[in-house]
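Report on one structure; see the data block that follows.
Order of writing sets the labels: A, B, C, D, E and F. Residues in every chain begin at 1.
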Amino acid sequence: MTDLVTFGETMLRLSPPDRERIESTSSLELRAAGAESNVAIAAHRLGAEAMWTSKLPDSPLGRRVVAGLRRYGIDTEIAWSDEGRQGTYYLEHGTDPRGTNVIYDRADAAVTTATTDDVALDQIRDARTFYTSGITPALSATLESTVDEVLAAAQDAGTTTAFDVNYRSKLWSPDEACESLTALFPRIDVLVTAERDARTVLDRSGDAADIARGLADDWDFETVVVTRGSNGALALHDGEIHEQSAFDTDTVDPIGTGDAFVGAFLARRLDGESVPTALEYGAATAALKRTIPGDVAVVTRAEVEDVMDTEGREISR
Amino acid sequence: MTDLVTFGETMLRLSPPDRERIESTSSLELRAAGAESNVAIAAHRLGAEAMWTSKLPDSPLGRRVVAGLRRYGIDTEIAWSDEGRQGTYYLEHGTDPRGTNVIYDRADAAVTTATTDDVALDQIRDARTFYTSGITPALSATLESTVDEVLAAAQDAGTTTAFDVNYRSKLWSPDEACESLTALFPRIDVLVTAERDARTVLDRSGDAADIARGLADDWDFETVVVTRGSNGALALHDGEIHEQSAFDTDTVDPIGTGDAFVGAFLARRLDGESVPTALEYGAATAALKRTIPGDVAVVTRAEVEDVMDTEGREISR
Amino acid sequence: MTDLVTFGETMLRLSPPDRERIESTSSLELRAAGAESNVAIAAHRLGAEAMWTSKLPDSPLGRRVVAGLRRYGIDTEIAWSDEGRQGTYYLEHGTDPRGTNVIYDRADAAVTTATTDDVALDQIRDARTFYTSGITPALSATLESTVDEVLAAAQDAGTTTAFDVNYRSKLWSPDEACESLTALFPRIDVLVTAERDARTVLDRSGDAADIARGLADDWDFETVVVTRGSNGALALHDGEIHEQSAFDTDTVDPIGTGDAFVGAFLARRLDGESVPTALEYGAATAALKRTIPGDVAVVTRAEVEDVMDTEGREISR
Amino acid sequence: MTDLVTFGETMLRLSPPDRERIESTSSLELRAAGAESNVAIAAHRLGAEAMWTSKLPDSPLGRRVVAGLRRYGIDTEIAWSDEGRQGTYYLEHGTDPRGTNVIYDRADAAVTTATTDDVALDQIRDARTFYTSGITPALSATLESTVDEVLAAAQDAGTTTAFDVNYRSKLWSPDEACESLTALFPRIDVLVTAERDARTVLDRSGDAADIARGLADDWDFETVVVTRGSNGALALHDGEIHEQSAFDTDTVDPIGTGDAFVGAFLARRLDGESVPTALEYGAATAALKRTIPGDVAVVTRAEVEDVMDTEGREISR
Amino acid sequence: MTDLVTFGETMLRLSPPDRERIESTSSLELRAAGAESNVAIAAHRLGAEAMWTSKLPDSPLGRRVVAGLRRYGIDTEIAWSDEGRQGTYYLEHGTDPRGTNVIYDRADAAVTTATTDDVALDQIRDARTFYTSGITPALSATLESTVDEVLAAAQDAGTTTAFDVNYRSKLWSPDEACESLTALFPRIDVLVTAERDARTVLDRSGDAADIARGLADDWDFETVVVTRGSNGALALHDGEIHEQSAFDTDTVDPIGTGDAFVGAFLARRLDGESVPTALEYGAATAALKRTIPGDVAVVTRAEVEDVMDTEGREISR
Amino acid sequence: MTDLVTFGETMLRLSPPDRERIESTSSLELRAAGAESNVAIAAHRLGAEAMWTSKLPDSPLGRRVVAGLRRYGIDTEIAWSDEGRQGTYYLEHGTDPRGTNVIYDRADAAVTTATTDDVALDQIRDARTFYTSGITPALSATLESTVDEVLAAAQDAGTTTAFDVNYRSKLWSPDEACESLTALFPRIDVLVTAERDARTVLDRSGDAADIARGLADDWDFETVVVTRGSNGALALHDGEIHEQSAFDTDTVDPIGTGDAFVGAFLARRLDGESVPTALEYGAATAALKRTIPGDVAVVTRAEVEDVMDTEGREISR
């Protein structure tokens, strides 16, 4: 039985080497990248059997996505399509005061037409946890329905449902997001939200604990996790607030930090760890992720625990 | 005054290094590539003042296209758009028996919405020659109209119009192409067609000379050039057939060969050379192009003439 | 149910880029490579559910091997070990008259201590076909026993057993190989051997058909395949000889050609194809493999069938 | 009409990747680099029509220079020469305490023989601003005369003349520089000088404002800009001192910072902005330049304004 | 006459580019690296005639080691062996909180069987100083004897013997190291030890000066150097303690820092400099080493002296 | 005692990767390259103790040259100069019909001022053979004298003198070369000349044997070797003509072929082999050189003998 199934879009990420500008570069590094597959991989690396399901174009590009995910240990269940594009995104790493720049080129991706027929529904029903994020319903009206139906199917089958708000301003407005996402909230057991998204999209105020309590009160979530960037994270579970600070990190690539956090948190929860312990794994995995090029947390559980245990690290030889 | 203005789509070309497969590669080489800009550059390298005009997204991707063209000496006149994608194509170089594989990802490119307002119409009217190819009207209904209007404007201004059939089976069917292209033929002075396209799309038969004569009879072209790959090329001009064999070449990159031929042919014609001489320049430029990575004929006129003059080449030191 | 399980050593392959010499290079390309995993991947690409099982060091090097295999779609079942090295091999591509040079650095690899406890025995018993090659018993006395036991277990469970002689002179002498391998032959259903190995190791003479018949007579194999490099291959099955010529190919990387042949042959047999048809798939896959960098046949079934169907291939666009 | 024409030497810059030493490297990154072309590009990126004029060897090396400049949008007007070298410089990026090391190999460059016949004099006369720096007269006696004549021609034509002292100790002594440059000062409207150069070469003392006032008094400049590295810059114009602090930056490549400042300052002045506003654009462009590999400020005006407007930048997605 | 001969193992170092993980990388950078050859090179760069002697496999891998050392100016005297591996190590550069990770693959290296017959004993006897480190006897019992015999031969010949404790926990335990190394101490004139190793292996306590005094008292060393990482170093010589602080450095690659220190110290001592001056050279060379990719201090004496002389360094042009 | 000392210019060779054009490339591969150091290395690889002596700028560029030579095993004796450039050459590999293009940038190299004080005269006197080529006197009048004096010194000391005509049309005219070189001929024992150079420069006619005989008659050479490219080579020694055909080769890099031939020929002669055997070594080394990137024959004697012995080579594993 698979512990965790995730569903969403994974893109090809194209980025110039070093700090080169897209306008100047003669080559692009190629990686597979997407919130839900990032979460599946982080969870797998922390001990869960994880699968990502989606719809991809039946082309070298779609196969490149699968190759980029399977290599890190997860399984994939793909609906191969003759129609639809492979979504891509271009990433230009900045350094202060030049911001890191993301250019999405994901319109009309094959996944935007995915219905429940294209998703590994049986495996989702059999899994212990299902995860998707707010990016998925933002991609198309079809996906908005599909996410709703998949969450319902998971809920009916007794699969725990986890969801990260993951607001993307380039995909929809806060109001659109709020309306769409809150319609899904009754089907969600574990809600993850960045504090910023809670304020912008879900119209929440107060401190992070207030936000968690308010969301739990309104939607009866089993667990609410509020992530706060370099300020750490916080979870409400069984009426209790658990706070976790962030680990210091010298950032090589910031993309995918939140997904690493969520994947590790879910994996450790699946393995029976308490919420505070799972939060600590999440924070340590997120810190490690930032030291690794690409969207994906290519870590081992031992490395994560080493971050949790140790203050200073040196050369091991 | 610009000698030659070309109009069409230029894409970003993404290809794995060496003979690597897309599914296996961790990086992609990035170049700007498009039939009409290829022609402009080849013409410039052979002595013409050349400009490419088009519509591009106002993004690093669009600017990367311009950078990739201007570097080879041509001018550009761009309508920068906030809407529409930057078209791309993925190229996997094969070697026998593995075919070279092209994956287009060009739907909804910004250029597909280009009207005459987006095109450097004044420069086209002032130019001595205007060029586009059958790819352009194939991209959208809007472009089909725009091409028609631009050709009309050129014709009215006394600008010579040149056109390459350039049939792309991934864009439209032979019947669609035939109907659309022949509607443009009355506005065209110099027609270029691959012998294969003449048979497939324009429903021609007989040998290459028959094809040229038939087309000239039907549409009253000033010049008809029929390209025949490794069998060379042939032109009908002033009722006379001129044949040109292909130069031997050890191919590094076959893409853009036809465009190199056309660009060089047009440049030398613009400079007052006879049709047979221009054909020879075209064939030599095409042969050199095949030795150069990328779509573009990065050559000098002296190098082309060296191919025309010399049988064997050695190390020059 | 898995169609095919293979067992053997997979190494990290380290090779200088282009035609650079090891003595001169400042970087090495890194790939996973091993006869049995090559066969599993080729079979998977041709339609089989395939798994590779082995023992690897629990280190980034061992994980790199798995990453390099799973990315092409197969499953892996690994015994992770705290002892033993990760085998590597250094490959220097030559060009005439400089030979391609392989330097093995595989002594004391973790796999050399693999017993049946380290192998996915249940999956082998459940599989339709099991495959290993003569390299595996050559690696250690332990592996010699393990291969014998695994073949016995497969045989007892009704799993078809396939075996490629794959003689490596750097691992053992012809006499040692002959003694060890023929002891395994009673447990083998499908024997594959290079014609050269049959002569050198198995002491056979006559033409390839004579060799096949002689081996079948002596050991009662269900199928004998004799591979003959650029001379094609030949199979004896149900008393009948089937010949298959090789497809022309412009070689980029010759390593893994035989494995591609075997993997494709087994996959198509598993799918119910006749021996001659499976041979043709094998030959076409082998030809494609030679155009691809690395040990692995990163192909699709459609591409293989395109080689079988077509004489000349061009740019598809 | 071109807004800005610049004249000077542009070299090929050769630098090892990462922090590699020249003695250890097996490859060199290649870029076009020169103070005056850097200024032209920065000005173009901030909105000016800009052209660089110079003399180059008629070789792939000279053409590579033009390719490296035109790609960023400026025009070039080149005297192609059969004599003279292409100047190069080798750059080894250090990190504390290893200094960044520049090795010039620019003796006998084609440009050192450039007379007014080799320069786009008509375009300079038609331009609104002409710019060169103290490097140009330092390169040869011929260039010293040429710069004098070009400045005179510009002045006579009513073109504003801008000049950066840009002292290079590897080219001449402070005394030589002082004598040569001050002879040109009567022909200059806008003088730019590093505070350090003003002290070393122009023998100035007091604070930066004293220096600006002293220079303006002595030579009657319309504008004097004193750049002060991380301490910002200061301008004297119409008798008023305007101060501008530097923006914080995490440096990737420091070369070309001053040129980025000057180019942006000139472009914004050409567009009618006030001196303090132009200084702010200069400082923000300089800060961005330091985050970009190469000598050239590959920025957009929107990015520069984003630096001016924003305190903190994040990932935009 | 050679000033300095060193003896030990040099490995091939394989590391992913940038901050890539081994599990994700498709290429590895290749360099030669070993404590004793690092010391020889640092000494050579600071003015000594230096030679490294060892045993290597007679293969491209062994030759690659020699190529990687000779290029930096030292001589080599090699026993070429048909048996034994080429030791390698894999290096994954981390960044906080991800530690830098070293994976040794050095078992059964050819050098582990080196006897005095394989070593350039004549040159050692003729040299002014001989150096090896605690890594060498840790590699095999044979080497433990060989080191003892070589040190004895050097001592008998009047060659100064220098030795760095260089404890490697992956090779032996502190107790094993202590027993083996202290048995060699009577043959050693100049002992270098990290403060940490003195505590862990040699069971010393007190501050660094106490450690130096205690070691000198117990073993009658001519000189004892205690290195203290970012806290600098300290030497006891002629009964006097000399302290040296570390120079600030922005680390690019920390491996080889201690060897750079020792090599420079020995070279300057050989050239007649005082202990405190030699310590300062050592510290400056170590600081520079950290700015350079690879194990080796590719520096010049002038650069080292520039670090010693200057507070701030800028771009030199 | 050194067997062979060579003297001449070694440049840094800068070439775009793959078949890229200089005008398009963003990086250049860097290697050390020069006829006389090529010969020294080839001789060393075939068994001779070899040294290259020259004058270089005291800079990272000069040190890079030494690093690029010493790595292949030869010794160097350098006069380090504060004046003079490091010569470079740019190499663009072509493929038919695009020629391979060499752009020299070697004027005013430090070596052009080398006198006998800058050359390792003692080692030349002690060596068994001294070698230089016609490139050296072509570089400057100073070098013309120096070569004459060095040859005289060698002759006086009983060192065999070997000389390759090596005509470079970019350095001087045939008449200049003839006058200068024939003035040196009385001091030369072993003359090597391409058949083409003998015709162009030395004004010889007839077949290769006639040329050899004529030269020997006129100048009393001990040995005359005439190289004939793909037609092999021929030597006249002791009145006898020895012919050697060329080995087939699939060329990767043609530069340095002749030097490889000469170096191997000299090494085997030094080792006492007969002229025909030495010719065969020369031809096989030359064939191998063409398969190796760079100017230098990075081969082993065993590999060369393998070419001499074997018809077909396969993968060795």
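The rule is simple: a residue touches a chain if its C-beta (ideal position, glycine included) is under 8 Å from a C-beta of that chain, and two chains touch if they have at least 3 such contacts.
As the structure is a computational prediction, the values presented were derived from the model and not from experiment.
**Student:** Call it same or different for chain A and chain C: same when shared residue numbers make up over half of all numbers used at their interface.
**Tutor:** same
**Student:** Measuring between Cα centroids, what's the chain most distant from chain D?
**Tutor:** So the farthest one, by centre of C-alpha atoms, is C.
**Student:** Could you compare the number of C-beta pairs in contact for E-F with that for B-F and name the larger?
**Tutor:** B-F
**Student:** Need the CA-centroid distance for the pair chain A / chain B, whole Å please.
**Tutor:** Computed from C-alpha means, the inter-chain centre distance equals 44 Å.
**Student:** Give, as an integer number of Å, the spacing between the C-alpha centres of chain F and chain C.
**Tutor:** Averaging C-alpha atoms per chain gives centres 46 Å apart.
**Student:** Would you mind pulling out the distance in Å between where the CA atoms of chain B average out and where those of chain E do?
**Tutor:** Taking the average C-alpha coordinate of chain B and of chain E, the gap between them is 62 Å.
**Student:** Scan chain B for residues touching two or more other chains and write them down.
**Tutor:** In chain B, 17-18, 21, 23-24, 26, 67, 71-72, 101 touch at least two other chains.
**Student:** Residues of chain E touching chain C in their complex?
**Tutor:** Going by the criterion above, the answer is residues 14, 17, 21-31, 59-61, 63-64, 67, 85-86, 88, 90, 92, 101, 103, 105, 107-108.
**Student:** Which chain B residues qualify as touching chain D in the complex?
**Tutor:** Its residues touching chain D are 66-68, 70-73.
**Student:** Touching residues of chain E toward chain D in the complex: what are they?
**Tutor:** Residues in contact with chain D: 17-18, 71-72, 247-250, 252, 284, 287-288, 291-294, 298, 303, 306-307, 313-317.
**Student:** Which stretch or stretches of chain B touch chain C in the complex?
**Tutor:** So the residues of chain B touching chain C come out as 18-21, 23-24, 94-102, 104, 168-170, 254-255.
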